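In what follows, structures are represented as structure tokens.
Okay, so subunit A shows up in both of these, paired with subunit B first and subunit C after.
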Partner chain A sequence: MSLESSLFSHRWLPLLLAVPLMSLIVLFFYVPVFQAFYWSFFLEQPFGGGSQFVGLQNFERVLSDPEFWMSGWRTIVFMMTASSLAVVVPLMLAVAADRKIGMSLPARNILVWPKGIAGASIGVVFAFIFNPFVGIMAPLNTMFPGLWNPGIDGTDAFITLVAAHVWSGIPFNFVILLAGLRSIPHTMYQAAAMDGAGPWRRIFDVQLPLILPQLFLTFVLEFTESITSVFALIDTITEGGPGGSTTLLVYKIYVDGFSGYDLSGASTQTVLLMIFVVLLAACQFVFLGRRINYER
Partner chain B sequence: MTATDTPMGTAIRAAAADIKLSAVTKAYDARNVVIPPLDVELRAGEFTVVLGPSGCGKSTLLQMIAGLERVSEGKILIGGREVQELEPKHRGCAMVFQNYALYPHMTVAENMAYSLKVAGVSKAQRTERVAKVAKMLGLSDLVARKPGQLSGGQRQRVAIGRAIIREPGVLLFDEPLSNLDAQLRHDMRVELADLHRRIGATSVFVTHDQVEAMTLADRILILNKGRIEQFDTPKAIYYQPASVFVAKFIGAPAMNILRVTGDGDTLRLSDGQVVANYAGQGNFQLGIRPEDIVIGAGGRLKAAIRYREDLGSHEIIEADLAGQPLRIATPFGDEMDKTSSFSFAFPQTRLHLFDAETGRAIPNSFRQAEAVRRSAKEYQ
Partner chain C sequence: MNRFTLAAAAALMAGAGSAQATNFEFWYGNTGNVEVAIKAQCEAFNGAQSQHKVNCVGQGSYEVAMQKAIAAYRAKNHPVLIQFFDAGTLDLMLSDAVEPVQDLMPDVKWDNFIAGTRAYYETSGGKLFAQPYNSSTLLFYTNKTELEKAGVTQTPTSWEEIIEAARKLKAAGHACPFVTDGDTWRVLEQFSARHGLPIATKHNGYDGLDAEYVINTTFAAKHLANLVDWRKEGLVRLAADTKAGNYTAAFNAGECAMMEQSSGSYAAAAKAFEGKYELTVNMAPMYKSYERHNTFVGGASIYVMKGHSKDEIEAAKAFLDFLRRPEQQMFFTAATGYVPVTTDVLDAIAKSDEANSPKYATAKVGVESMNQPATPDTRGIRLGFYVQFREVFMEETQKAFAGQQTMQVALDNTKKRGDQLLRRFEQTYKGKQLP
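And now, the complex of A and B:
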């Protein structure tokens, strides 16, 4: 108490200083969250003008809709594959860049650049790269006609999404993981070398255990973020198609709410998605977070 | 209690290997030569301390022996086997690092057993060996802990345990005591000396601390800018320093070095005072240890006192002798007059003469102390 009062002579000054940020958080996070919860218990008019309390009917409707479960399942598949790859690929790059191999210094720099590119731009670029007629798969298509066409093959479209997501996730995760690797004292490797461990063994016995905190951070952020950040990619690359094969929950909410004007249904799905993300993060902390040794 | 008293004591015993460096060179490029061609032989089972100021190349030398640094040129033989191109694990060395470098995610037992695990030793054997080493180092109660839960001294012991568990022929120490406080450092010195006696591995110990060097070493290798200044027993290095560098580096306070001129008969200071009889002519550097100067006793030399430090057991007097600083350590219990100038003498047998230019010692300038010869003979 004495420390606080000596730092801030005014009682309300600390609160006052926090107001700008707090108001932003309230306005753009808590209010919409509250709104979503509120709407999920009401039947909203598409163009405004009154709403009607319906209790849990929205939830009954959504949960009995097979479309919801399909897109929910796709969301989980995407999360497991894309998020895992979005950590594992940067991890491999970081381990390589950390070693004194040729070009590791420029690589450390260049691999960070994609961080500056917006998700929608990445989507447009990847739509072009994986275009079956002019993209990198085009030569394969001439050899094996019909091998690759994300426009009509749902799996191909899904793979395109995953690739774009992994690529966009590289910079941030790469920076975090490389920072973790760089902070391992050099003598640790020397000690392991003296103990007879070769480079591969050192990766698994020394490096990975020592960057568990960073790995955990990237996994939690990836798994929770991929669910929503994939929207920009879907919207620019596949628009949910073909045949709904890339309609993940976040895209379905958008379509239901803003194309179908089912505001209540979209809100209800938002609430369910939110609960899922919170539970997922909680599980990660409960089952993984406690095992991590933060000591160096 | 000595090693042979306990059944466990004899369990960890290394087959010591001799180390021979021939024309070993370390250079990053033509201008950046850390170690110019260096030849040295370390006997099997010997405890060698590599001593030198920071940046003298002593750690580089150790890492080259370990295999953590490449040798630019030359050969390293361990137990008669050329190893300079081998991986660290094939050299039969173990190392104790300055910051311990324990694996923070492993327990004490896992830390110590890691090298055995990598080598494919069975779990039962590993457990047995860890128990032996832990008992030897007084770590038995701590094997289940992580390094983060240990004190500095305990971590140091774990690091030593990790090094000796494979019973390596060569044990390398890279300033292992420099992170400990004064008391612990002393205790660990005693323990290390005892451990060396029990294990018998050829030990190379790098430090910049002369006390560690004097107390631990069979022989001290003094390194300056990558070159060997002197490689001898602690006693010989103290009593017969081979150069001004060695003379100033060993002993606290350091040896006084005075510029003197020889007229063919005597050595004189710039103000004309005669400090010694010597037949040579020209400029020299004359060395005398602060504790060897005899105050009073009809001494012919005179100096002005600038500063006195009373350390309880003895007093350090900083004086001005013909414009050159001179330190004198008074013998225990001697009371000095509080005068501003005093007379003293340099005993001839305690003087060291060095070349004015090269700083190398000019041997047999004066009759050297008998004690030195005796100790030198004892060693050989």
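And now, the complex of A and C:
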């Protein structure tokens, strides 16, 4: 406490300076969250004009709906595949870019560029890249007709989504991981090499343990963010189809709430999703976070 | 900007608002050449008089327009006039957010509206809730040039003939004889209506909120199962099977030879075909053993929203009057392919020099289709949360087309999930009566 008060001698000034940001957070985060909680206990008419308290009925309805569990399951599958790949792929790239190999310097720069592209734009581009008639799979399709069609086959659509997500996740995770790798003193590699450790051995025994804090950060952010950030991709690439095969929870909430005017059901699912994300982050901190040593 | 200029600007804006012309907003959802036609009508209205000024705002799609209207209404920031699509009818009727047009304008000759469009938007007492605007219905389009190349000289009129023609096309090496997107409106609603089949009990919900879906037991189930088989045979293609990725685009580009589509697509198809192919439009096909009934009106109608000043309502009424004028309807029909909504316009077209002009081709056949003998099951669809039902139907049937489940299972699931929607709607509007 003493440190803070010596920096800010004025008592109200720091609070005052924080007010604009705090009010934005309240307005755009806490108020909607409260609203969602509130509506999840009511049956709300779309145009207003009447809502009735129904207790836990919305939760009963949502939790007994197989569609909710299916989309929840898809969310978890997506999280496990897309998020893991979105960390592992940049990790490989970062390890390569960190080494003194040809093109590693320009690569460090170029690999960051996709960060500047909005999710929706990435979606439009990937929908084109994976188009069964003009995309990269088109030659395969002419050899084996019907092999690849994300518009009909749910698995193909899911793969397209994962690929787009991994690609969009590369820049940020790459920067974090590369920064971690660059901060490892060179003498460590030299010492390891002197002891006879080959390149692979050095990666697993020196580099990976030393960038655990960065890895942990990217994993936590990826896992929690993949749940919501995938929305833009789904909306532009698959719109949840075909046959609901890419309707992840975040998209289902949107469709139920905005296309179906089911404000209560969408709110209830929002509450459940929020609880899930908080629990997920908590688990990561409890089970993984403790094992990480931030001191070097 | 200092305080004085701010105050001056505010005063100026307030002044402009209260000046002679009453400004009001009209939201619509169409895009493309339909949007161009809507904008032209707005400009014509503003140019024809100086008392009122309409500000027409495009929202990108019917669904988005409705989403925004809900949000705007809750925020008390909604437009005076808004175009809503057919599927939202019951949601709006019970919303208490709109004023029935027939109450607002009792002097208009509402009987003038053709029966098919009236039935969809009127209350059980026969009162029109909204003014039908861009009305369409389902028609059958063929690429006559491609059909003739494959040796089909007579345009098919029944499903049996379509499939026969499709087999000939396929034999001639055509990759896409018949194309559809499997949309609920096209393959279920319009099919059921013209075959006289109910979609739900209680005459599709007209007789009460406690209706239940019956789509899995009617002949529509057989037709949908046929579509799956025909797709396997290579006669029917889905939008995702086509190079264009969009079935209307696939037809317009000549990739596919036949399609069922709204009359509102006529202008675009005719333009795309110009100089390349010959286009035919007819009433949507029947199974031979069934008698033809009317098709539903599709497209959208204009609602007057509550909570506006008297001046704004008067201005909105003037705009609605303007849109009903025969010359405006004729302009809109010619520009888009949507059908006229009042009988006097049909007469006016028949009497005009251009009665047989292709730009009025859909008017005659579209109205004829909607004027076929009606039954209590072909008035329209009055089911709650119907927009969401359409999504459920698409999701389940897509699984059937992909081979993950049979069409019967898909329809059984659709019925089950649809009934849950209806029960929740009933509960949401507990104590309310169908108007």
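Here is the rule we go by: the second predicted complex is superposed on the first by the 288 of 296 C-alpha atoms of A that agree within 3 Å, B and C clash if a C-alpha of one lies under 4 Å from a C-alpha of the other, contacts with A are read in each partner's own complex, and residues count from 1 in each chain.
One rule holds in what follows: contacts are C-beta pairs under 8 Å (C-beta built on N, C-alpha and C of every residue); 3 or more make two chains touch, one makes a residue touch a chain.
Note that the structure is a prediction, hence the values are computed from the model and not measured.
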Superposed partners subunit B and subunit C on subunit A - clash or fit: fit
Partner chain in contact with A:109 - subunit B first, subunit C second, else both or neither: neither
Contacts of A:193 with subunit B and subunit C, given as first, second, both or neither: first
Contacts of A:64 with subunit B and subunit C, given as first, second, both or neither: neither
Partner chain in contact with A:201 - subunit B first, subunit C second, else both or neither: first
Per-residue contact with subunit A, leading partner among subunit C and subunit B: C
First, second, both or neither for A:185, with subunit B first and subunit C second: first
Superposed arrangement (fit on chain A Cα atoms) - minimum subunit B/subunit C Cα distance in Å: 51
Subunit A to subunit C touching residues, read off their complex: 43-49, 52, 54, 61, 67, 131-134, 149-154, 240-244, 247, 255-256, 258-262, 265
Subunit A residues touching subunit B - in the complex, by the definition given at the top: 185, 187-188, 190-198, 201, 205-206, 209-210, 212, 293, 295-296
Complex contact set, residues of subunit C against subunit A: 63, 67, 70, 73-74, 91, 94-97, 238-241, 243, 245, 385, 387-388, 391, 394-396, 398-399, 401-402, 404, 417, 421, 424, 427-430
Touching residues (chain side subunit B, partner subunit A) in the complex: 63, 66-68, 87-89, 93-95, 97-99, 101-105, 114-115, 118-119, 146-148, 162
